[in-house]
Amino acid sequence: MSQLKRTLRLGLITATVLAVSACGGTTRGSEENTNPAGNQATGQADPDAPLTEGLDVAFLPKQVNNPYFTVADGGGKSAVEEFKGNYKEVGPSEAGASSQVSYINTLSQQQTDVIVTSANDPNAICGALNSARQAGAKVVTFDSDTKPECRDVFVNQVTGEGIAENQVELIAEQIGGEGEIAILSATPNATNQNAWIELMREQLKKPEYSKIEIVAVAYGNDEDQKSFQETQGLLRSYPDLKGIVSPTTVGVAAAARYLSGSEYKGKVALTGLGTPNQMREFVKDGTVEAFALWNPADLGYLAAYAGAALASGQITGAQGEKLEAGKLGEYTIGEDGVIVLGPPAVFDQANIDQFDF
Amino acid sequence: MSPLLQLRDVSKSFQAVRALRGVSLSLHAGEVHALVGENGAGKSTVVRIIGGEHRPDAGEVLLDGEPVRFSSPRDARQHGVAVIHQEPVQFPDLSVAENIFMGRQPLGRFGRIDRAVMRAEVARLFERLGVRLDPDRPARGLSIADQQLVEIAKALSLRARVLVMDEPTAALSSVEVERLFAVVRALCEEGAAVLFGSHRLDEVFSLCQRLTVMRDGTWVSTDPVADLSVDQVVRRMVGRDVSTLFPKQDVEPGDVVLEVDGLTRDGVFSDIAFSVRAGEIVGLAGLVGAGRSEVVRAVFGIDRYDAGEVRVAGKRLVAGSPSAAVAAGIALVPEDRRQQGLVMEMSIERNATLTRLKPLSRLGLLGGGRERRSAREWTKRLQVKYGRLADAVGTLSGGNQQKVVLAKWLATGPRVLIVDEPTRGIDIGTKAEVHRLLSRLAADGVAVVMVSSELPEVLGMADRVLVMHEGRITAELSRDEATEETVMFAATGQKEAAA
Amino acid sequence: MAGDPAAVNVPAPPTETTHGVLRSALVRWDTALLVVLAAVVVVAGVLVEGFASGRNFQFLLLDVVAIALIALPLTLIVITGEIDLSVASTLGLCSAVMGQLWVAGLPLELVVVLVVGLGAVLGAVNAVFVTKFALPSLAVTIGTLAAYRGLAFVVLGDQAVADFPFRWTDAASSTVADGAVPWAAVVTIVLAVVFGVVLHATPFGRSLYAMGNNAEAATFAGIRVARAKFWLFVASGAVSGLAGVYWTLRFASARADNAAGLELAVVAAVLLGGVSIFGGRGTLLGVLLGVLLLGAVRNALQLADVAADTLNIVTGGLLIASVVVPNVVAMSRTRLRRRPRHPA
Amino acid sequence: MSTRPAVSTAPPALSRARSVHQLWLAREFGIVVALGLLVLVTTLDNPAFLSPQSLRDLLLGAAILVVLAVGQTVVIISRNIDLSVGAVLGLVAFATGKLLSSAPGTPTVVAVLAGIGLGAVCGVVNGVLVAAARVPALVITLGTLYAFRGIDHSWAQGRQINASDLPRSFLGLGTATVLGVPVLAVIAVVVMLVVGFYLRSYRSGRELYAIGSEPAAARLAGIPVGRRVFTSFVLCGALAGLAGVLYAARFGTVDATVGTGIELQVVAAAVVGGVAIFGGSGSVHGAALGALLLTTIGSSLAVLRINPFWQQAVVGGLILAAIGLDRLLAVRAANRLRGRSSHGG
């Protein structure tokens, strides 16, 4: 059969299929896209129930071998030991949106009681989480949330407002209350990053910050080299840039490293969210005055307790319930089953050496 | 005087084929020793053993009376033995100069290559050979003749004491041949020994002192050239009278089946025109590199052509499409059996049916043993000797491999059969079978085009002989006109239109 | 002498022998894989808690479906001696476009058709470079590997489109009669049968082996090498597009970085399945077994709480072993056979 | 007949050669032009792009990729490929960090040598498998890509080494400059020159080209193919090791994911730089230019504030363009050379 005929026929078939499918097809919004099975807090909470011993608690970070999560999960480990559970950490070696799914499946296969996870993608792991919950597991998300209907509780490191306030305050005093600033973020769709950036813009509307202007938002994709290049780009594109805010540990470290080696050192202020270990050097050499971060270990710690409480029936994840979290004390569950760790800690010359994470 | 290099009843076999049986040969310093024999007589194997590419299964090689066992071509070269191959393999990306000196480039300080010296060396060599090639051009795109010259230059650069030339002049113009001979003679005066393998008896007689004839992998005779006549030599080569060897019976040619008109491929061949009638065998003679294979490749659609056209039974053939050629009833038994004729790793059955997969399938599906039956039938018709149909075709002897190639094409029932070097490297017995087969096919009304470097074969088989030289047809000779001389004349372009 | 049938049994020179041994080894390769796979399943079933359950079986299949799908056309491509490294990027680009089209409000049925079509087009681009311009497929598809993934990000940035109807996303992981066999796996098996028949029982498939072993000889036999390869690359693209649809729906999220790096897993599976990277050898069954073996091993080790790092080492090791072992065996046998022929 | 010598005159041959040379000139010249245009456009948009600081950044950015590309070139020239360079870089980077953080006293030189050594060991693994087991490099290095990365991960166990753990002297390597030129860039250039010189002027170097150009002929010429290929992999590994050390020195923060997926960029750099993917031709400075071009694209996109997502797409396009161009030049050359010979015709 000749090429032409072949192609013609092919086209014909396609055309028909298109025609058929085009009419009366499923279009956006024409159907409910949430999982009916994805249910909210169920059953009755018994605040006085003791924490069950021997719970299997599994931590599933965005990516194993990521220092931040290693610390966070470490906190979780100590918590699990406190309430005599069995801790383990599993996870993919690269942070792909879907790479967590097979691990969740595995965990529910293993009849794990509590899954504490930080979602690479708010949707990708929803299905798996729900089937895990149907199989009896309690799901706690921390650091980055999934859709609310896919987990029991979300332990938020800090409220967006908290971060925004803190970051704007820091940069404002470092640049003396006026001038152009830029933001070096992680990836353009990192849920929390975008939320924070929005809230920072809100903050800057306040009269005392009227002279400060965000001229650009750059994305370093949480990669050293990319963040490096983006920082260069910012400084070059905006000659009279006064300061950079990088609310992500990788970004702020890369930016600091670039500044400390460049002519801009000391001239351009830098703050953001970073770990003391990464930033210590730059705080000491004066590249960075002060930066902030919650304590990841505490975050993991709290998440572990939340999970245990769920599994023991102390809480169900409903708003208003109280949660006793070991050394951290008592927390109250907010709407959508969100628990907030608390305001970030600020690190500077004075206190940085007291921290090691 | 004791021979410089000596073979003592050397034997060598490759799987099914016993290439050499008890061959002895001696080269003396200062002599040019001719080694003649038909293709497949074992010349190349002798050359390869001397050159260190093969090691003999039995017998020994002596250099200066000392037994030696060359581990590799490099080893042989280090012993002062150099070989010039008929179809050299070179490094297309590297310069001519580097091709000559690869692995032994002249070194300057700190062991780094001294390009100036290297270039000068090459220039001197080319001067001596009277070649005008830019040492710095890449080898890619060199004509066979130029590649030969580069190989010769390489051999010279080795200052070899024993120089082995396998058909070195096959692609050279007579001027170049003369120049080469001058060099060879000079070398001999310097005390080198040269083994000269060639089909061109006229050259052999003008250049060599002694001549060894081989046949079917055995030694036949060695005599001073002075005591020999061409006829004697030819008779020894073929082992019987030429006339009886090639039984082409005359058939009354039918209508024209294949017409080739003004076929041109720039820089390869130009303005090729001929036609073949049903029942006719047309020989396409000429030297290696004259463009014969290129012409038939273009006719069959392997290569594109820049001008002209090909007609089968009056219908114009789509250019550059083998499948179209097959559909039109053309079959090509290619020159290089191992590379082009067969898929060595595949079974005999698969190879034999490769050209007829569609007809053998039902509802688009193969199976039901139809392939096996067809393969068995055709291998039987051609008397292919094999163990199991499932054996890799590579395990067969050259002759049987060639039969498989023929089988897969005859199975398609072609109207035009083009055979390129149909009997290269196969034993006398099979050779005769092939020739009988070809003439029977002609008798059945198939139009046959036969490209062959073996003059006796062409002269014996062909009703008409077309002779090519450097991409042009320089003569068309009827059966009676065609003789060794007339063909060679036209083939070496010594007189345009020798006919 | 040459015609003497007995002569056929004389050992062949190295090259042929190697091939011979390799082939005979490969005839057994599928069987070997089957045995190993069975062994893995049994051992894991006994030692690893939770492995031998319908649900886990379902998870396992769901995990390998995408790889299996893409491996089908890739097998044919590798058998012809070419390679397509752009498959995962094609998947990603298709997923991204699928997201955008859905957002644009097109009916999902139409979107699916368009996306698969897009995949075919992307494959055709590879095909044109490889067959028309006669460029090495390795270089070409490394190029499109980067290009397609880049375009995927251009199309969708780092956004994720996630609001696909539940009915569809659920279907992607739903099982036949709510048993252990996902529908996706059924589709894959059907396609596998189609590709298997094409490869092993049609003139087209037969010609693929020929051109893989010796393209020149295939051309001289009147086989349209370029055309065959062209359609294979198109098929590869289309199937990758289909895999993109599956991936997007299964994870309910269209993203540019979907399946990044999956090409390595697929190539690994194909080679483990006994397909020669040089072309001319391999069976579709072998490849499917290879896919399952890799999947089963990973799944079992995961259940046994083996860290992801070790999984990678195992994958790499399996891949290397799958090519080194047959070679070494072949070479040693060759040596054994040749020794007597050198009374030196 | 007597006309023949007249036909075979020097001019055609020579001019032919010249044109062939020009083709090669053109090939690398092409990259330079592209590079120039890119810089020009970017600078027009934002003059700061040519500021010393920014140039320094460019060189810094390219240095590591250049080192890797040079190593890759050596392997590709001999008709092989090494996909494991990224993993090797990661492994070595972490190892270096580990070494220096646990023994801060270690002199930088030692650290560098250790890194190169470890890289070479990885190269040996590849080399042995490819040369001895006669398995295609693509497959082997794909496997070792997984394996080395896995080893790296299971060793790092999520630990990260931070700038503060590393001795200043070592970090200095990453930022120090001589006469305003970053040391890293200097190292890269030196590596390029040395390897380039080796490939051009030493027998074993030329033999690598020979092997890639026509393996059969190489064996006939008695070249120890196996040994040469082996060496090329060791060299490539060693350079990947060096790159790993430089990475650690430049970024200070090192974890197990360092250099993931960089192999693609490296191969891209080589191919864009005119190294034929199937061996035989190409030069290290071509590859280096390719690397510089790729990095420059990266940072000028950042400066032009073009959606950075375009970068990868552009790189892919470049690869296709490059191999397409090479093909075109080759065909042209072939047509020009076809059939012509020293004796006319």
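Just so it is clear, A, B, C and D label the chains in written order, and each chain counts residues from 1 on its own.
Just so it is clear, a residue touches a chain if its C-beta (ideal position, glycine included) is under 8 Å from a C-beta of that chain, and two chains touch if they have at least 3 such contacts.
This is a predicted model, so every value here is computed, not measured.
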Subunit B reached from subunit A - shortest hop count over touching chains: 2
Centroid-based (C-alpha) most distant chain relative to subunit B: A
Distance between chain centroids, defined by C-alpha means - subunit B, subunit C (Å): 43
Distance from subunit C to subunit A - Cα centre to Cα centre, in angstrom: 35
Between subunit D and subunit C, distance of the C-alpha-averaged centres to the nearest whole Å: 29
Sites on subunit A at which at least two other chains make contact: 64-65, 93-94, 219
Junction residues of subunit C - those touching two or more other chains: 157-158, 261, 307-309, 311-312
Full enumeration of touching chain pairs: A-C, A-D, B-C, B-D, C-D
Contact footprint of subunit C on subunit A as seen in their complex: 14, 17-18, 21-22, 24-28, 30-36, 64-65, 88, 90-94, 96-98, 101-103, 105-106, 109-111, 121-127, 187-189, 219, 221
Residue numbers on subunit C that touch subunit B, as the complex places them: 1-5, 7-13, 15-16, 19-20, 23, 197, 201-203, 206-207, 209-210, 213-214, 216-224, 280-281, 341-342, 344
Residue numbers on subunit D that touch subunit A, as the complex places them: 46, 48-49, 51, 53-54, 57, 61, 149, 153, 156-160, 162-165, 174-175, 251-253, 255-258, 260, 298-299, 302-303, 305, 308
Contact footprint of subunit D on subunit C as seen in their complex: 83, 129, 133-136, 138-140, 142-151, 153-154, 157-158, 256, 261, 264, 267-268, 271, 277-278, 307-317, 319-320, 323-324, 327-328, 331
Interface residues, subunit B side, partner subunit C - complex: 13-18, 55, 57, 69, 300, 302, 321-323, 325-326, 332, 334, 339-346, 350, 354-355, 357-358, 360-361, 364-367, 385-387, 391-392, 394-400, 408, 426-427, 429-430
